[in-house]
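What follows is chain A paired twice: with chain B in the first complex and chain C in the second.
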Partner chain A sequence: MIFERICEMIRSIGISDEVSPEIMLVNDLGMDSTELADLSTAIAKEFGVLIKSGDMKGYSVARIVEIIAKNKKGT
Partner chain B sequence: MEKVYVTGIGITGPCGNTAKEFWDGLLSGKSFISTLSGINKDIFPSNIGGMVKNITPEKYFSRRLLNKCSRFSVLSLLACNEALGDAGIDMTSYDKTRIGIFVGNNSGGWESANNGLKVLHREGPQYISPFLASNWFPAAPQGHISLAFGIKGYSKTVISDRVSGLLAIAYAARTIRAGLIDAAIVGGVETPLDEWALQFYHSSGILCSSYETPEKAYRPFDRRKQGMVLAEGAAFMVLESAESVRKRNAGERVRANIREFCMVYDGTTNAEPDTKVEQYKRAIDTAIKRSVVNPDDIRLICPDGTAVEEDDMVEVRALNEYWGSKSMDKYCTCPKASFGNTIGAASAFDAVLSILSMNTSTLPFISNLEDEGNCRGLNFVKKENIRATINSSLILSRGFGGVAAAMVINNREF
Partner chain C sequence: MIIGVGIDILKIDYINQMLEKHGDNFLKLHFSAAEIQMFLNKKRFANQFLGGRFAAKEAFFKATSAYTGMELGFCDIEVINDDTGKPEIKFLRHKPACMKDDLIWLSISHHCEYAVAQVIVERAGVGIVRNKMEVVK
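Moving on, here comes the complex of A and B:
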């Protein structure tokens, strides 16, 4: 569920590449600093979890999902 | 003087979304000014304007890039794309460090800032779109044009009210003459029809707020003038050095050549009309002298045309004093009466439309000019378009802060 939502958020940035859990946000998808910040904002809005965009540079999609699952409200 | 050539043009504006569509729309004689939807007339008495409609940027640019852009960047990208195509520049082989970007703009991307402020106060600062940081300010289109086309040469964005577009063209031409770049994509863009931007322009007191119909509201140089009507749009052109045109064998693409320019200041925002006439005349005189053209050869004048009595009179008096009895030998047209004033892009629109006038030997008539009243003494193009051969035109522009400028543009000659 979280993974699907992250995929949708990435697609809404305009990135049409296929997204799998091991995909790296910067190295594979080429996300720039504003796109990372946009994703960070979208995650904070939906899950109430703040992941700093600077920290996301070395993250895969799976790592993002893991952090959200661990920290989101109500869990 | 080293010549600088115009080899491509592009327009996204109220009369049409390409230069050809825009030109055909303009020559049709129809007005493109209408009521702005969603703008409350009780709050904004001037709730009319020239809107850009039915654009399809996703046909040419990735959603990823468009996501980052405010509306004024999107309009710029479309006009630049057309201008580069018209110039036939192959971006895969041209040295992109030798192409510059010059943009004239006045008010930035206020609709983005407006949305950001709503989020700030309703949801909190952490939820503001990070794209806002790089898409609301006047230099944003310059950055987005650079991203879209990979252009890396010396570039600038200039802000000087309605003179912005002309100033951008002048800077680009001078930068090419100085040898810093070989080519430039240059023009003006404005999207002032957002509520917030409208409020700023409204407080200036020069907008038309009383009119019979939207179509008849903007009446530069007419006895019944009641102020300016705003419009959105982008007008761009590709400039090249003679060497660049030669190297890529593009002589046949040359549409015009940019001569010289002069910009002056009244020295005060509240200058008396006499002082303003003197300064405006100085801009005209200096631009023509620097351009090394015979004043008699200039046969088309494109004035600023705010449709405010004192301002229009300054223009008429300055031109009459400069040319004397010969002022009636020149055609004078003001196409923006048909679609509105695009402020920071207005003089870029005038420059591109004067090039189309010269290229096609057709001069568009001034909408709503029925009786000049006090503005007599110039040969205005009225009631119908005129066929005339024009080799040299004079573009004029004025703005707040006492700024005024003039530029000479010649028809094709390579």
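Moving on, here comes the complex of A and C:
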């Protein structure tokens, strides 16, 4: 499941807050630009989907999952 | 007239961690081929060099995102030194139309465990504010 993998990636960055689909990466989790770059790289590496870290500033976890599901390789 | 300013500071350890965690993926997603080559050619302070480049791009995004609408990403720009060694921002695909005549001033510094960069964007021909009371057209 993409959502679970995103949660694991967020935890691996060092964010221990509970993550739900509607949670916003910056406004709710307080992710900074280096953490977004880390997440963006992890997503590209695992799913082959490039989401610019700058664009992620306004995204929820659900939006990230939606973009990956739509664009990941092999679908 | 100055229309944008951005500053960024980065702990070099972030670069160490990203290279360890993501390897080439981190390089390819955040730096141009020329930047990667410069990094690989560095005999000393390679990660400091990369940290300065990363901070420069972040500073650039901060200075410009309000009017470019986040359309630029790390691989849309590169930081290359000119003939005098001064770093400058180059657009790899196209310069956004809204920035057509803008001048971009960039300064990078690093020392020990930190890198810092500042970007100032100047729009030519608009006028220079010399002080709060006087506007020169």
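Throughout what follows, the second predicted complex is superposed on the first by the 75 of 75 C-alpha atoms of A that agree within 3 Å, B and C clash if a C-alpha of one lies under 4 Å from a C-alpha of the other, contacts with A are read in each partner's own complex, and residues count from 1 in each chain.
Assume contacts are C-beta pairs under 8 Å (C-beta built on N, C-alpha and C of every residue); 3 or more make two chains touch, one makes a residue touch a chain.
Here the structure is a predicted model, which means the values were calculated and not measured.
Residue contacts after overlaying the shared chain place A:20 against neither chain B nor chain C. In the superposition on chain A, no contact is made by A:71 with either chain B or chain C.
When the shared chain is aligned, chain B and chain C each come close enough to touch A:41. Once the two complexes are laid over each other on the shared chain, residue contacts for A:52 go to chain C alone; chain B is not touched. Chain A residues 34, 37-38, 40-41, 44-45, 50, 53 lie at the interface with chain B in one structure and with chain C in the other. Note for the complex: chain A touches chain B at residues 12-16, 34-35, 37-38, 40-41, 44-45, 50, 53. By the touch criterion given at the top, residues 62-68, 123, 126-131, 133-134 of chain B touch chain A in their complex. Across the complex, chain C is touched by residues 33-34, 37-38, 40-42, 44-45, 50, 52-55, 57 of chain A. Considering their complex, residues 8, 10, 14, 18, 21-22, 25-26, 29-30, 54, 58, 61, 65, 70, 72-74 of chain C touch chain A.
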